[in-house]
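Two complexes come next, and they have one chain in common, chain A, joined by chain B in the first and chain C in the second.
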Partner chain A sequence: MSNFFTVYHHLFDVFLIGSGYALSQWVVMRAGVFSVATAGLASIGAYCAAILTTKLGWPHPLSILAGTLLGALTGLLLSVPLARLRGVFQAIATLAFVQIVVAIGLFSDSLTGGAIGLNAIPILIGTKENLLALLCTIYVMLAISATRVGRAFEAIRQDEAVASSLGVSVTFHQSLAFGLSGAIAGLFGGLEAFQTFTLFPNTYGFGLIVAALSYVVLGGRRSVAGPIVGTAILLILPEVSRPLADYRNALYGVIMMLVIAFMPRGIVDTGLLYFRRRRLAAKAAMESQQ
Partner chain B sequence: MLAQQLLNGLVVGGVYALFALGFTLVFGIHHLMNLAHGAVFMTGAFVALYTVLAGMPLWLGFVFAILACGLLSILIEVTAFRRLRKSGEAEFGAIISTLGAELIIVTFAQIVSGSDVLRFPFETFPVEIFEFAGLRVTLLQLFMLVSSLLLMLILTYYLYRTPLGTRIRSVSGNERASVLSGVNPNIIYYQTFFLSGALAGAAGVLIGLSFNSIQFAMGEPFLLRGFVVVVLGGMGSIPGAMVAGLLLGMLQTLTAAYLPAGLTDAIIFSLLFVILLVRPYGLFGKETAGAMRAER
Partner chain C sequence: MSALVIKSVSKHFGGVAAVSNVNMEVPSGKVTGLIGPNGAGKTTLINLITGVLTVSEGSIHFGAQDITEVPAYKVARAGISRTFQNIRLLAEASVIDNVMIGFYRNEKTTTPASLLGLPSARRETAALRDRANKLLERFGMSKFADQEAGGLAYGHQRRVEMMRALASEPALILLDEPVAGMNDVEAGELGEIFRGLAKDGMGVLLIEHNVRFVTNLCDFVYVLDSGRMIASGSPEQVVNDPAVITAYLGS
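For the complex of A and B:
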């Protein structure tokens, strides 16, 4: 077992960070916002943390905290203009945001190192910290789901008009979701910064957008387990079958097309629904017998 | 100097317009976003390149590219859209499934090309430079400008002056009503996707010739710029896409020429963000284009 762990150690770290990004993507989609800003927010968190430590000598927990807060703040600020837009237009606007972040990262090379990358970041974060961060995030998400805010998210996602007619403020809750998404993306961006040695602006570009979206779509958009299961499947599948590794992206593509066509709720949510229906059917059968 | 830059911008802008037309055509008529459009564009450049490398003339490569991309686009319609259209959640689903299609096509191209940057053989397109009124124009630039304008004219004629175009526009207005009056919507979908893919393929060949560097990831920056053109012109507006394409081309060459290198992308995408906030229906789109729509 310990041998297994050393072999797949790195993959496990990638999975933990990926799950973090997936949760950041999930929380906005859960509130009915079609944002793809996660990549840009993660970039801001990662660069903020790395720059504070390498250039100003801040201790790394403080830098990561600063990255998290900056991510949350950016998310909140972003939500103000985006409240005017809906659907596809929100997606395009946040896509533009991600591209702006990449372009600024490439341009301001005195601060970010530009295309050469921000180098010599000390490696201070390991699996333990990643796991702790992911578990805390999951706990917070579960806690939120059980409150009024979580139910408001659900209502807005299902029908915005009904939600606002019931006195749920759409703008407020979507801003909250953006802030949460920014905080999670900033946190995991900061964590990632301290385990990669070098940061490149393009790491947090279109590719990460596609990855985070596909994790959530494959896993499911309702339950907290969805994005995590989605990340696990998409990351582990190319590893267990080595010949497929060259075709990793094509495999992602095939999975995305098949899942959205045949299982649009995602694997976890479809499974949960199936078991719930079966339980209800069994209960109904029992009652009709009596 | 300024006039020269504007001219160069006009040439690139013509290709942007060509690329974005196909994108906006599908959005305007079917209200669906085809994110695999960049991959279709890339396929166009590849098909033309491999035709030329196989020893055939360039014009044949152009024809093959247009046909292949049109058919590829139809394939995307059948595999990525058809099922979703019936489910009713097509707006979100289409984005995911066409992203999937894009990944598949790009990976395939990456494997075929071995991740290399490929080039057309020297003098595939004759290098000739004309000078008039102090401006320098290459034959290729003239060809690009003329062929983009020509293709745009043909598309406009097809849509607004032929019975087939009338049918396409009727499906765009109200699909159910047009089915009742005897239009088979599947044939319309084939036509719009073929046209859309053909335009992307033509744009791919033109860009492949002019930059002479063809690689599997070349579609992505064009897809992202396609968003700018389509939003600036107004989602689904054909004249809007033409004007916005030309504007974007000129803006890009001007910022690249007069501002520090590397700022171009920041400016272009900030422009996209601002347009979406201030005027989400673009220059030519109608206010009901859907940006403010509350339903999802």
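For the complex of A and C:
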């Protein structure tokens, strides 16, 4: 029984961190940017936090804050060259960025420990901190969705020409989205660093890119709940059935194909849309009866 | 008073001159017409004014401001709004959300206030929702408020686009064939609205193929053909101008 608890307790932490990465991915896509930089930004946050504490003895909250800020700064800087690119070209450029971060992690072994890993990171973060960070992140994402910046993001995502014809600066908002994405990825990377003894550069490579993208595509790109539900489903599925875990990547692939083919808006957004349409239809029927 | 002054503006696409040496003024408080056959350069001219395309030669002034090189979002902030020839709505967003983005230009909420969801930011959003509802009422669109804009009938989509442009309370509005595909009754209703806007002091530039609609509505008309301004004057003058008749009927 206690084994059961530890297993699922650990899974809950993985879910909280994964949800953070999913929201980092979500917020750039929300502003119409097809970036996959989240993995690289998370790596920067994780290594920054771990190095500051293990090598310079910084208190871990300060290290995590520094990782968050460095993530935000990197996101902002990244948005400058990317402003000229669109769609798949942004994806390719950010993919290259992630590869570069992995490569730097591997080659600067005096600082990062290289392929052997950055070892002996104290375990200082637990479920409470993860949960608090996720709730704060969700609050900001909901605040954005409910106010001015969210409307600007939504307009840009759907039609940049329309957005700029109404005074919305595409460059400013996409930079802002990148900065937020970097801050969130950096924050959760820093938190993750203090709950895994060792960091490896490849932890933040192609696998995380695919995972973060899958969470959002599966759950939905519009509502804040989308990426969180997507994370929950994709993390829990392999756990409930052990055989599935062995085919985790194949399972992700099949789910993605099914969702893209039959629910291109993702599970949550499709559900919300369904209920909204039903409510409108009911309202219309009521009005026509009167 | 002239809101918009276009001086010797040209635009080349490679070797093709889509607009050549055009002079034009769009005063406040009047409806100015811009007509011309297909491919005359009307939409290109709007794209030049709004900063979507860059001018090859010439200058564009709006009030005291030189907007020749100003990017699109700053032109919009200066107070120029437009509608698109091939309606462009946020298709997935509801009708009311489409209108609300129009208020963006005059919103007071700062970016940090929005990120933190401060009460002031939420209050402004609520106030804008009320104003959007009033606008929907004025255009007889209230019952569509929560519907997805992309699913509306053509004429209703045009109205949504118009409301969005008006929500930004522009000093000048550029309408690219706003009544195309509408019947006479619908077009007439919108025509009344355009008149009202001009009466309230807005500058209105109306692109339209329907010559009768233009002559009924406009105070002054420009005629563009193959990128050149071939005539301008009162509606009566222009429709009787031999060059205009040739452009529309000839070749």
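Things worth noting here:
Heads up, the rule we're going with is that the second predicted complex is superposed on the first by the 283 of 290 C-alpha atoms of A that agree within 3 Å, B and C clash if a C-alpha of one lies under 4 Å from a C-alpha of the other, contacts with A are read in each partner's own complex, and residues count from 1 in each chain.
We adopt the following convention: a contact is a pair of C-beta atoms (placed from the backbone, for glycine too) under 8 Å apart; a residue touches a chain by one contact, two chains touch by 3 or more.
Just so it is clear, the structure is predicted and the values come from calculations on it, not from any experiment.
When both complexes are superposed on chain A, chain B and chain C fit side by side without a clash. Using C-alpha centres, the superposed arrangement gives chain A a vertex angle toward chain B and chain C of 90 degrees, stated as a multiple of 10.
Using the contact criterion defined above for the overlaid structures, shared-chain residue A:Y8 touches neither chain B nor chain C, since it reaches no partner.
After overlaying the two complexes on the shared chain, residue contacts for A:V149 are found with chain C alone; chain B is out of touch. In the superposed pair of complexes, A:A161 makes contact with chain B and with chain C alike.
Look at A:L213: by the touch rule set out above, it reaches chain B but stays clear of chain C.
Touch counts on chain A: comparing chain C and chain B, the chain ahead is B. Of the two partner chains, neither chain B nor chain C is touched by A:W58.
Fitting both structures onto chain A leaves chain B and chain C with a minimum C-alpha separation of 11 Å. Comparing the two interfaces of chain A, the one with chain B and the one with chain C have residues 161 in common.
Interface residues of chain C, counted against chain A in their complex, comprise 50, 52, 71-74, 76-77, 81-82, 84, 88-93, 97, 100-102, 104-105, 107, 109, 111, 113-117, 121-122, 124-125, 143, 146-147, 164, 168. Against chain A, the residues of chain B that register as touching in their complex are 33, 79-80, 83-84, 87, 89, 91-93, 95-97, 99-104, 106-108, 110-111, 220, 224, 227-228, 231, 260, 262-263, 265-266, 269-270, 272-273, 276-277, 280, 290-296. For chain A in complex with chain C, the touching residues are 139-140, 142-144, 146-152, 154-155, 158-159, 161-170, 176, 180, 222, 276, 280, 287.
Only residues 32, 34, 81, 84-89, 91-93, 95-97, 99-100, 102-104, 106-107, 114, 160-161, 206, 210, 213-214, 217, 246-250, 252-257, 260-262, 264 of chain A touch chain B when the two sit together in their complex.
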